[in-house]
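Structure, as structure tokens:
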Amino acid sequence: MTEDKPRLGVAMIGYAFMGRAHSQAWRNAHRFFDLPLEPHMTVLVGRDEQRASAAAKQLGWDSVETDWRRAIEREDVDVVDICTPGDTHAEIAIAALEAGKHVLVEKPMANTVAEAEAMTTAAVAARARGVQSMVGFTYRRVPAVRLAQRLVAEGRIGEVRQVRAQYLQDWLADAETPLSWRLDKEKAGSGALGDIGAHIIDLTQFITGQQLAGVSGMLDTFVTERPVAESFSGLHGTGGTERGPVTVDDAASFLGRLSSGAPAVFEASRFAWGRKNAIRIEVNGSTGSIAFDFEDMNVLHYYDATEPAETAGFHRILVTEPVHPYIEAWWPAGHGLGYEHGFVHQAVDLVRALGAGEQPTPSFEDGLHVQRVLDAIERSAAQNSTFTTIGD
Amino acid sequence: MTEDKPRLGVAMIGYAFMGRAHSQAWRNAHRFFDLPLEPHMTVLVGRDEQRASAAAKQLGWDSVETDWRRAIEREDVDVVDICTPGDTHAEIAIAALEAGKHVLVEKPMANTVAEAEAMTTAAVAARARGVQSMVGFTYRRVPAVRLAQRLVAEGRIGEVRQVRAQYLQDWLADAETPLSWRLDKEKAGSGALGDIGAHIIDLTQFITGQQLAGVSGMLDTFVTERPVAESFSGLHGTGGTERGPVTVDDAASFLGRLSSGAPAVFEASRFAWGRKNAIRIEVNGSTGSIAFDFEDMNVLHYYDATEPAETAGFHRILVTEPVHPYIEAWWPAGHGLGYEHGFVHQAVDLVRALGAGEQPTPSFEDGLHVQRVLDAIERSAAQNSTFTTIGD
Amino acid sequence: MTEDKPRLGVAMIGYAFMGRAHSQAWRNAHRFFDLPLEPHMTVLVGRDEQRASAAAKQLGWDSVETDWRRAIEREDVDVVDICTPGDTHAEIAIAALEAGKHVLVEKPMANTVAEAEAMTTAAVAARARGVQSMVGFTYRRVPAVRLAQRLVAEGRIGEVRQVRAQYLQDWLADAETPLSWRLDKEKAGSGALGDIGAHIIDLTQFITGQQLAGVSGMLDTFVTERPVAESFSGLHGTGGTERGPVTVDDAASFLGRLSSGAPAVFEASRFAWGRKNAIRIEVNGSTGSIAFDFEDMNVLHYYDATEPAETAGFHRILVTEPVHPYIEAWWPAGHGLGYEHGFVHQAVDLVRALGAGEQPTPSFEDGLHVQRVLDAIERSAAQNSTFTTIGD
Amino acid sequence: MTEDKPRLGVAMIGYAFMGRAHSQAWRNAHRFFDLPLEPHMTVLVGRDEQRASAAAKQLGWDSVETDWRRAIEREDVDVVDICTPGDTHAEIAIAALEAGKHVLVEKPMANTVAEAEAMTTAAVAARARGVQSMVGFTYRRVPAVRLAQRLVAEGRIGEVRQVRAQYLQDWLADAETPLSWRLDKEKAGSGALGDIGAHIIDLTQFITGQQLAGVSGMLDTFVTERPVAESFSGLHGTGGTERGPVTVDDAASFLGRLSSGAPAVFEASRFAWGRKNAIRIEVNGSTGSIAFDFEDMNVLHYYDATEPAETAGFHRILVTEPVHPYIEAWWPAGHGLGYEHGFVHQAVDLVRALGAGEQPTPSFEDGLHVQRVLDAIERSAAQNSTFTTIGD
């Protein structure tokens, strides 16, 4: 069955947090989903040969390169999957697209609007040659989120009136958590804003089917100096005695307006003690509401205001039924999915689009818009929170 | 026991939603709490004699007046309890204070800063003569809220870093809900902003022990015309065929900064389908967090970041233990309280302050500050959400 | 309005936990509900004159008697409200009924089946003379419970297939909590079984509209000796150095069958650390389910299996809408009720039945059936949990 | 890194629901965990060559056999993983053990006590030869469950006093769900009892560290005839017009006593509308409680009664911290796991035991005890629920 399918060679750059999550996706997607192409874990790229080789063995990649430029030129590579910090995205993505490789780049797409624009220009040009590109806003692929999008698109909550969204973590709340690239503006572009705020911007736009038209923002850095990391892996590190500056925001708070004019309220923080990965979004429409919290990721709450008052109430939908997005491929009802499944679904959607010769979503244009929102928030924050329109 | 205590004659003006809640408080407070003075339900004031008399019988008031001016001059009246719409607060409160009567005025204190300033001037003068005044921010008296305040004051979450607060209702989400005074700027001053936004401003200031120093806001009116009410009671009415304009905001979204500089995110809406009276506040500090939702009013969630990670997690505190605020007077653990208990506690706190000859809280100064915050939000909203400092 | 109504003189016996709850009901019921008769708090009965007088003043009763026999003979007394431990119920209730007074007796109705039978005989005889009687299974009057009953009766979950019910508290989990009458078989009849197990038996029968036909039970006493109380009030006391025996069960676990044959699983415990007053009942029918937990007493969960799978899920019904049982008399949606409101509703239902000259529910026959279930559980537990049929 | 490790050849028999879950485990365990042996997906066994070959390709197995006897004789096979219905377990397991292969057999271990005894005899004999065996009670490997076990073992809730456990599903609540092997006593041994009741028996014993000593049970079949399946896969099938009998129980309700004498209350049902895979267990000890619900599988609730009452409350532990069982190998805090991770952990624990030459748990002795409990429940149910001691 699977052997007859054309192969899709993947080169993955970076092999830490996202590298492991993407590897899990490439390894398993075709085991559960019927795909038009069969992904091959062709080459893993890392700068240190020894560590990269160890990672390749551990994660199941066939070969290793230490220079991403070599990887993107390989004939057996069809897709370049960029899992490195934001400062590297533009250069790698543009080169890969120009080399005729499809690109999946992690979010946020880039560190600046200028980079994102250059990437989008390259993507448009490549698309004309049948070369596709996509940004890794994985949380769109959580079944409950996709169900939310579907219900809104079908008019099940009427016209969108208000959105509230929060992304709350607490891994930086301890002032002794050491520095890492995420706290360095050069590497990360911004702090909570781009790292997690970008997700709730994307989710809002995805679920409502609208774009943010303007924002009013406020940025805060609570801890301005931290231990320099002796080692760091994932979100956890060990600090030494030396201290260095934090050059990004610790929390971003912003108001926004959707293209329809509907107001939205956002907050992204890595300082909310007790909230580990609480991605919450609630949309109120003229005839109902939907609400989601990633801390209970297999559940969507849906309120249908057209129901009789006697029994109206938020439906706690356990999004594990065969009729729910992506679920049929997995387990029986009630046997919930976990974090990594979003990455599997991302691979599935990408491979299906490639098989069909179509542009996957979110596109680089979508990613560019998120980048512009991030930029507008920073500009607003620098100007007394004045409402700032998002340009094209 | 109770008979020997000095009597405290109460005159209550207005006898609808708040009138019923306050009556319940005056009727029951001394049945559960040991009070220095014994409240008497002396006189109810209503403009229509017949309806006021019926209400007095129903609610248990000894007599009726149709002109509040008469009531505040009666010798057997010690406290004037103002339960009418905001446009009447200033005139009644000032006259009552000048007549030497203690005043309890419902929130928001007034419809404008100017009114609130005049009331405060009167209150300061009266206080010098031993005449006290208080604003009815009842939700401070929910045991879980008071516990939150206590934990924060005791340093149990460290230094306050962030606040998020929402007050969500849905009784206006139906575009056919008819007009009432709450949708009329003349009567109400503002819409969701002053009606429910005022509560979360007060709660934030109460729990953190800080004041808001500045805000950036956005106001929205989703439904601009509604049926004129044929009858209206509480939050529910019946509309006719005629339509009239809504002259206030339907939703208020705003960012703020506390005096310490800590950021806060707020939202007040009467359009959030499925949320009936969801007053939510979460405060993140440097060593912990507290979270509250009035939809589960007997519970406080508390995260203590100094606990070992193995068993750390939000404590779901059922705030019904004898050690919890106000609870000893009521029922055994687990036998929760309801909405109206906040009003009983308000009466208790007021009577105790009067018995001790002390200024109860929240004072008119506190109410005036909330009024200034409301005003600053309106000004910010009118100026592209520009951050607006709250003056004195 | 209220003055024109015939008065209903109440004599209440016992003035501690239940005495305070019933007083709150008699004081407030007619303030919110339109009643055919106006309750008067005529006389409070307590054995110690001084303490009874203090209680009467505190709680608002007009007079005091130290002998209940005197109270039931007073002309100004129409209803005798029995709030004393179970060992006194039969004697007082029978005497009151014979004296021509309506009776409200707290649950469990009696300490033995024989007592309950005698009481029922007296009640039947009295009923023929227009004298009514009722047992205080208050939790039936929680709006969410009554809504559950209504939905089941309307066929909204189809045919009842299974019930699970728990009543969990933890006030005895501490082995140093001192002895009180609830731990003395002479006074209380049984332990967790009759004290709280009786409630879930009644709730099951009330919600399903069926009776339990047989049971299989298990009783446990975890702490067999405790300090003798130096003082005790409500569920809390202070112990001395002396110790005495616990003569009742600490936990009751039992299986049952309803008249239809449907199985039910029950558990009553006062040793479940962290559960304060968790009364939980879930009923599964052929087309849906309902679930309730008193720790969230204003909520009913309802699953309608006829809804499309895409959005099916337990509805979290906030039982605070005007269309919900008892709610119209209270506050707007979302402004929840508390523990004591069940007692207000009980008074309302009783007074309305008396006004209409009808038998209120639950009747003494209903109470007798519960008593037979309790008895069958004890017999089953004594016979290796053998299934024991409940006779008539 | 991984290549240098000795290989562990796996033969898996059956490739439907469990086959897919186990494949996912064998495919991924060594990608996240450091294992002493490297699992190879050597051979998949299915009776239909074509379908088995398709499954092997889909799931990633190297080869196929249509007769399990051939598979267990292959030199490249070290472990036989039995994922077939219960009627086949004994024969395959015994043969495999005798052929010197380690065995992992799905739960319940067998359809009768006699089979389980024979299997255990074989396992004991094999163990002496270094050949190990294990039963697939996967839910033990949910991190929150393992944490519960650890806390209980460490005395964090004191002495165990009470247990309540439920396993609720609803996939049979619809009377038109067609027949499948799970409804056929010949194939399945029993119904809800063995299918899901076995899990909560095992979890209770695992978490408390005790065995059930006796039980009192009740079995029910609500729907006695169903459509004969035209096709069936997982828990879902399509029925034809023909009907056939259900020969097993639909629900099992039972009381039990642990070896210490502590009472426990159980319920297993596939008819609880709205509950999809609700495995709930709560243990109350002398100084605390733990509670778990698989519908929220990444959370453990823990109540510590030694905490001051002011802030005591169930800790909602998000079991996603590096200090939690199994978590370090996965994702950062808050990035929860799903259903299939239990199977990965099962493979990890098995491979580690095999690497260390140790008996993995649960052993066949453990499985046999569960079988005896199942049997005792059936005998009790047949004898008026009389308490039935579990023999050796």
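Note that the chains take the letters A, B, C and D in the order they are written out, and that residue 1 is the start of every chain.
Please note the rule applied: a residue touches a chain if its C-beta (ideal position, glycine included) is under 8 Å from a C-beta of that chain, and two chains touch if they have at least 3 such contacts.
As the structure is a prediction and not an experimental result, all values here were calculated from the model.
**Student:** Which neighbours does chain B have in common with chain C?
**Tutor:** In this structure, the chains that contact chain C and also chain B are A, D.
**Student:** Report back the single chain whose CA centre is most distant from the CA centre of chain B.
**Tutor:** Farthest by centroid: D.
**Student:** More C-beta pairs touching across which pair, B-D or A-D?
**Tutor:** A-D
**Student:** Between chain A and chain B, tell me the centre distance in angstrom, where each centre is the average of that chain's C-alpha atoms.
**Tutor:** 41
**Student:** Chain B to chain D: how many Å between their CA centres?
**Tutor:** 54
**Student:** Can you check how far apart chain A and chain D are, centre to centre, with Cα atoms defining each centre and the answer in Å?
**Tutor:** So the centroids are 35 Å from each other.
**Student:** Show the residues in chain C shared as contacts by 2 or more other chains, in ascending order.
**Tutor:** Where chain C meets two or more other chains at a single residue, that happens at 170, 275, 301, 312-314, 318, 322.
**Student:** Going by the contact rule at the top, pick out the chain C residues touching chain D in the complex.
**Tutor:** 157, 161-162, 164, 166, 170, 173-175, 216-218, 220, 222, 251, 253-255, 257, 263-265, 267, 269, 271-275, 282, 284-289, 291, 301, 303, 305, 312-314, 384-387
**Student:** For the complex, which residues does chain B have touching chain D?
**Tutor:** 147, 151, 156, 301-302, 304, 308-318, 321-324
**Student:** Which bits of chain D are touching chain A when the two form their complex?
**Tutor:** Residues of chain D touching chain A: 1-3, 17, 20-21, 23-24, 27-28, 31-32, 54, 57-60, 169-171, 234-236, 275-278, 294-297, 318, 320, 322, 331-341.
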